[in-house]
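The letters A, B, C and D name the chains in turn, as written, and every chain counts its residues from 1.
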Amino acid sequence: MNRGFGSDNHSGTHPQFLKAIQECNGDHEPSYGTDQYCIKAQQMISELFGKPVETYFVFNGTGANVFALRSFVDRFESVLCGDYSHLNVDECGAAEAIGGYKLIPLPSIDGKISVSDIEKAIIRKGDQHFSQVKAVSITQPTEVGTLYTLDEIKQIADLCHRHGMFLHVDGARIANAVVSLKSDFKKNITDTGVDVLSFGGTKNGMLFGEAVVFLNPQLCKTAKFHRKQLAQLPSKSRFIANQFCHYLSTQLWQEIAGHSLSMAQKLAAAISDCPQVKITHPVQSNGVFAQIPQKWVKKLREDYFFYVWDENTFECRLMCSWDTTDADIQGFATALKKLSENSNESLRG
Amino acid sequence: MNRGFGSDNHSGTHPQFLKAIQECNGDHEPSYGTDQYCIKAQQMISELFGKPVETYFVFNGTGANVFALRSFVDRFESVLCGDYSHLNVDECGAAEAIGGYKLIPLPSIDGKISVSDIEKAIIRKGDQHFSQVKAVSITQPTEVGTLYTLDEIKQIADLCHRHGMFLHVDGARIANAVVSLKSDFKKNITDTGVDVLSFGGTKNGMLFGEAVVFLNPQLCKTAKFHRKQLAQLPSKSRFIANQFCHYLSTQLWQEIAGHSLSMAQKLAAAISDCPQVKITHPVQSNGVFAQIPQKWVKKLREDYFFYVWDENTFECRLMCSWDTTDADIQGFATALKKLSENSNESLRG
Amino acid sequence: MNRGFGSDNHSGTHPQFLKAIQECNGDHEPSYGTDQYCIKAQQMISELFGKPVETYFVFNGTGANVFALRSFVDRFESVLCGDYSHLNVDECGAAEAIGGYKLIPLPSIDGKISVSDIEKAIIRKGDQHFSQVKAVSITQPTEVGTLYTLDEIKQIADLCHRHGMFLHVDGARIANAVVSLKSDFKKNITDTGVDVLSFGGTKNGMLFGEAVVFLNPQLCKTAKFHRKQLAQLPSKSRFIANQFCHYLSTQLWQEIAGHSLSMAQKLAAAISDCPQVKITHPVQSNGVFAQIPQKWVKKLREDYFFYVWDENTFECRLMCSWDTTDADIQGFATALKKLSENSNESLRG
Amino acid sequence: MNRGFGSDNHSGTHPQFLKAIQECNGDHEPSYGTDQYCIKAQQMISELFGKPVETYFVFNGTGANVFALRSFVDRFESVLCGDYSHLNVDECGAAEAIGGYKLIPLPSIDGKISVSDIEKAIIRKGDQHFSQVKAVSITQPTEVGTLYTLDEIKQIADLCHRHGMFLHVDGARIANAVVSLKSDFKKNITDTGVDVLSFGGTKNGMLFGEAVVFLNPQLCKTAKFHRKQLAQLPSKSRFIANQFCHYLSTQLWQEIAGHSLSMAQKLAAAISDCPQVKITHPVQSNGVFAQIPQKWVKKLREDYFFYVWDENTFECRLMCSWDTTDADIQGFATALKKLSENSNESLRG
């Protein structure tokens, strides 16, 4: 496969994570989440969030979301989420089928749902005919690479809490948000009032593995059973845990996020130079969304793979990663420029 | 943690698998099961089984079992399995809760269920009040380290097929069975008529990862959706696939299984020398089950961790692994001998 | 409780249905759907629809909808429905939780979803990440008392079939639609291409009981198991079946529907006379939806109970039934007039 | 269909229940469990049990069992029940599939499970790999017509409570037990420590309808949502409720149970006279279980329908009901005698 901008999970794993895995491979460790690396990683995550939190390691992003919400949302309860959220449209119905709750999709603008739409959806409390709204799930950064401000997150969390509800953040790429906002995890997550976070690893360069972080300890009283039943309890859990140890201790999370973000800015700049291509969402994270002339798409993808996000408008998604290089950006920019010039010529011709 | 005989997943990963991971980490690959390593591993598995099979990589053993059966067992159907099977007692109800089928446990002797008990349980066909029996699931090697003979597997498969049912094998440690029976995968699985196999990786030394192998292509027509919905679709799937490539291409599976088996034989021999300890099941795989005097258990576990399998009888489980050493066996034998002698003396005294 | 316009299930049962129950109470009958009355009712329903159909009797409307769709929609598949459909907002999440499929709500205008919105939602076929769209469910008459034209139903059915999908109609009050459209069941349901119908009994005057009618026999091959597992298999099924026999044989369905519809027309006329009240949807069935001045609502409900449909706009729902009387309409009209006049006076005063 | 001993749900409804239905059919009532008849019936049931209980009316027995347990048993929890319990083998897997919990079947003798087997099954508390045992479900009278003594029930309840667990009784025919034991509901259910009861109506002569009675109010805090989601919330609930009012107020429950029991005794006596037929369980309720010579079965069933309970041993089940007559017993006895004599003659001949 050619390199490209297909997804941040088209990249392999950052060499640091291979090192992390080798480092903890020495001898016997208890399995199923009780090894020394799990304990150490859990402590580091509590420090990162500035308070004691409870962390559960799981295999992947879909597993993290399903598990995080299932731990406290009952079968007659609902979760409000964005209409285009990963939860709603990219997990093959896992939320309903194995999470066991109902999703109520809300309209999103630039990938974000609004406090007022959330408020309007909190209805019919105690009405036995209506699946009771129990949580809100937002994605940060959103699926289209935009960011909720800390204030927006806080407003949603406050609204939830006023109604006895809870806020989940799908943070498959959360480090990108934290770095982009020039903030830290405590300010982003703890201080805004987030109750539970899917803390992504795989899309940030890990080999595999995610962490589900419960900031609200009331929500994970039976979580261990849910994790196991959902087949998300890794036996050799040390290999996920120690990746997180390295990710946090070496500030690797800042390095990877910072690189991905700056690559995305360069890519956006290159694309902006091309008059026929229109950037469709603010570029606040590691993805660039742009409407590309339909007839260019095939040619461009031959050299640099990327996904068409909307098959009607030919809005495309270009993702940068820990291993995106200046050469990648340059090459894509060149290809684009060539198409643009040819196109101009043909227009003129 | 001390070394010991706690589980074959207390060991880390065999160095060969680290090599496999590094090898495929070079550049971009498509995600979600479509990379070149998946394709290569799938081909190698087809060759191993002597016919074109369909292989799906998943994260872990519970996930493999849930997924394998859910792909073809509907919600009003049942699976016959052993009363002490992993499926029934060690997956926190995943089979029912996220697999969506009913389990009907049958009595097991030395971990094995009998053809006649299976036959008696195939009742009430077409009766709308009764969850319809659709599959049998056996574990090979069993949870107590014994083996079904090839003939026994064939008889069960034949019985299933006569009744329009299918046979699943939970092969979390299947390589141990194949090597112990001095056979090969084709004779063990394909020729006996197995329909779908959970082909274990993690307990055989991999970092993580299992393969679900459908020998009957009718059973996996919608499997890809089930895998995704069950949160068992790895994004960077190459890292599982290439471990399987190495496992098979280097005959690593034979090496690891052979080592584990021979260590178990040595351990069994050492234990047999001790008159106060009674081996409770034939040692046909990498586990030794033995009744150990209750008051010895704590002392022994301080040096070599292992699990008490039955808290009433103090039957204990001792597992050997790819990294079990002669020194481990020797050390344990010495500890045991010392306890035995002291005990004899106190008897004499 | 005062009489009123709360719901067509606030009425008791029509005397004819009591007669039907007594009639079949004579002696022993086999249970669970195999008695002579079930067979007779099934034949009559086939005649009604002008072709051999397969009919399953169930207890209630939620059960009918869950069962009808679960019979052919798998766990990785979705159903498109209206955002305000009973299925989506009044069954406490039963569709997802016990039906086992995902709902994708589409915007509705006057309670109806459009062909173009359905078409736009049929996306990502074969994409393992996306719950596959398998069916459309519409309500006829809709939850706000409007009607799809036969042509609209046919267009939706055709669209479904072109995409290998199926059309379900939630017909909790289907007889009202058939009578209002001066049509018959064959033209409404069979000839438009509906695949499966929830054929309501309870809201049309029965004591209890609904029928799920599969016009497409491919969809109910395992339906009997689903019905039993969903706890919707009535043991003394004759008592539902014989109500349907009477409902159809005596043209009771036309009588009840005709009466309810004409009462709704009278009620709408009375309401239209009141300048402060605004009818919000075309009155095409047995319900009248109207925006009533907030301060009138409490007073009006003391004499004639009805529900506030939208707590923000004070749009109210007034339902007529088989036992709604001219006196009911007259009384409500008088109360309304009095409030209106007082209100005018106070305006003038 | 011929009369016979097929099931107590082959009988129609007792005339008193038709009267109950007519009585409450007068005018409008609120739907979904809030009408005056529900309130009255709930009060009467509290009086019957000698303490304030919470009663939920549902449609049928399977629905009652699924709902009763789902109200407090979570998805990672299990219910211990008899291997031949209705819950386990006659509800098409509803417990697991829509109840959402795991069943652990225990061996039964004369339909009863033992305290010691229950105790042995309460294991691995807090172990995340093991579905946690949360409740015991027993059937009273059992599926084979036998009875737990009050002392046995109390012992099971006590054991449950010592372990933080709860006791459910499937009382589809509970009145028969109460009358047979010459006791009352308070002594049988309240004083023995039962936590929740499926209080049967249909098999005791009602048209339809069951009551789920929570004696432990902690177990039904969210029950109303579960009932609705399980499609077990009757809209015209008065028709079930008022049947219960009559059942209790007129001592109809004693009359029906007393009649059924005495018929069963007569039937058992008639059968005992026949040397070739062997009664297989103590006759303590309204059913007689007997091994009947295989070649007689077809002939006997032509005149008096009954079910073969065990197709291997030709143990048959003969059920008496509110409408079983002396003539039925006499006729069956005569047919049996004739077969017996012919058989003896042929033996002699």
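By our rule, a contact is a pair of C-beta atoms (placed from the backbone, for glycine too) under 8 Å apart; a residue touches a chain by one contact, two chains touch by 3 or more.
In this text, all values refer to a predicted model and were calculated from it rather than measured experimentally.
Looking at the partners of subunit B and subunit C together, the chains they share are A, D. Compared on C-beta pairs in contact, B-D and A-B come out with A-B as the pair having more. The distance from the centre of subunit A to the centre of subunit B, with each centre set as the mean of the Cα atoms, comes to 34 Å. The geometric centre of subunit A is 52 Å away from that of subunit D, both derived from CA atoms.
Spacing of subunit B relative to subunit D, judged by their CA centroids, is 41 angstrom.
Across the assembly, subunit B contributes 75-76, 91-93, 97, 100, 128-129, 131, 225, 228-229, 233 as residues in contact with two or more other chains.
Taken in their complex, subunit C has these residues touching subunit D: 1-4, 6-7, 9-13, 18, 21-22, 24-31, 35-36, 59-63, 66, 91-94, 97-98, 202-203, 207-208, 225, 228-236, 238-239, 305, 323.
Interface residues of subunit C, counted against subunit A in their complex, comprise 75-78, 89-93, 96-97, 100-103, 105, 123, 128-131, 311. By the touch criterion stated above, subunit D contacts subunit A in their complex at residues 32, 74-76, 100, 128-129, 131-132, 222, 224-229, 233.
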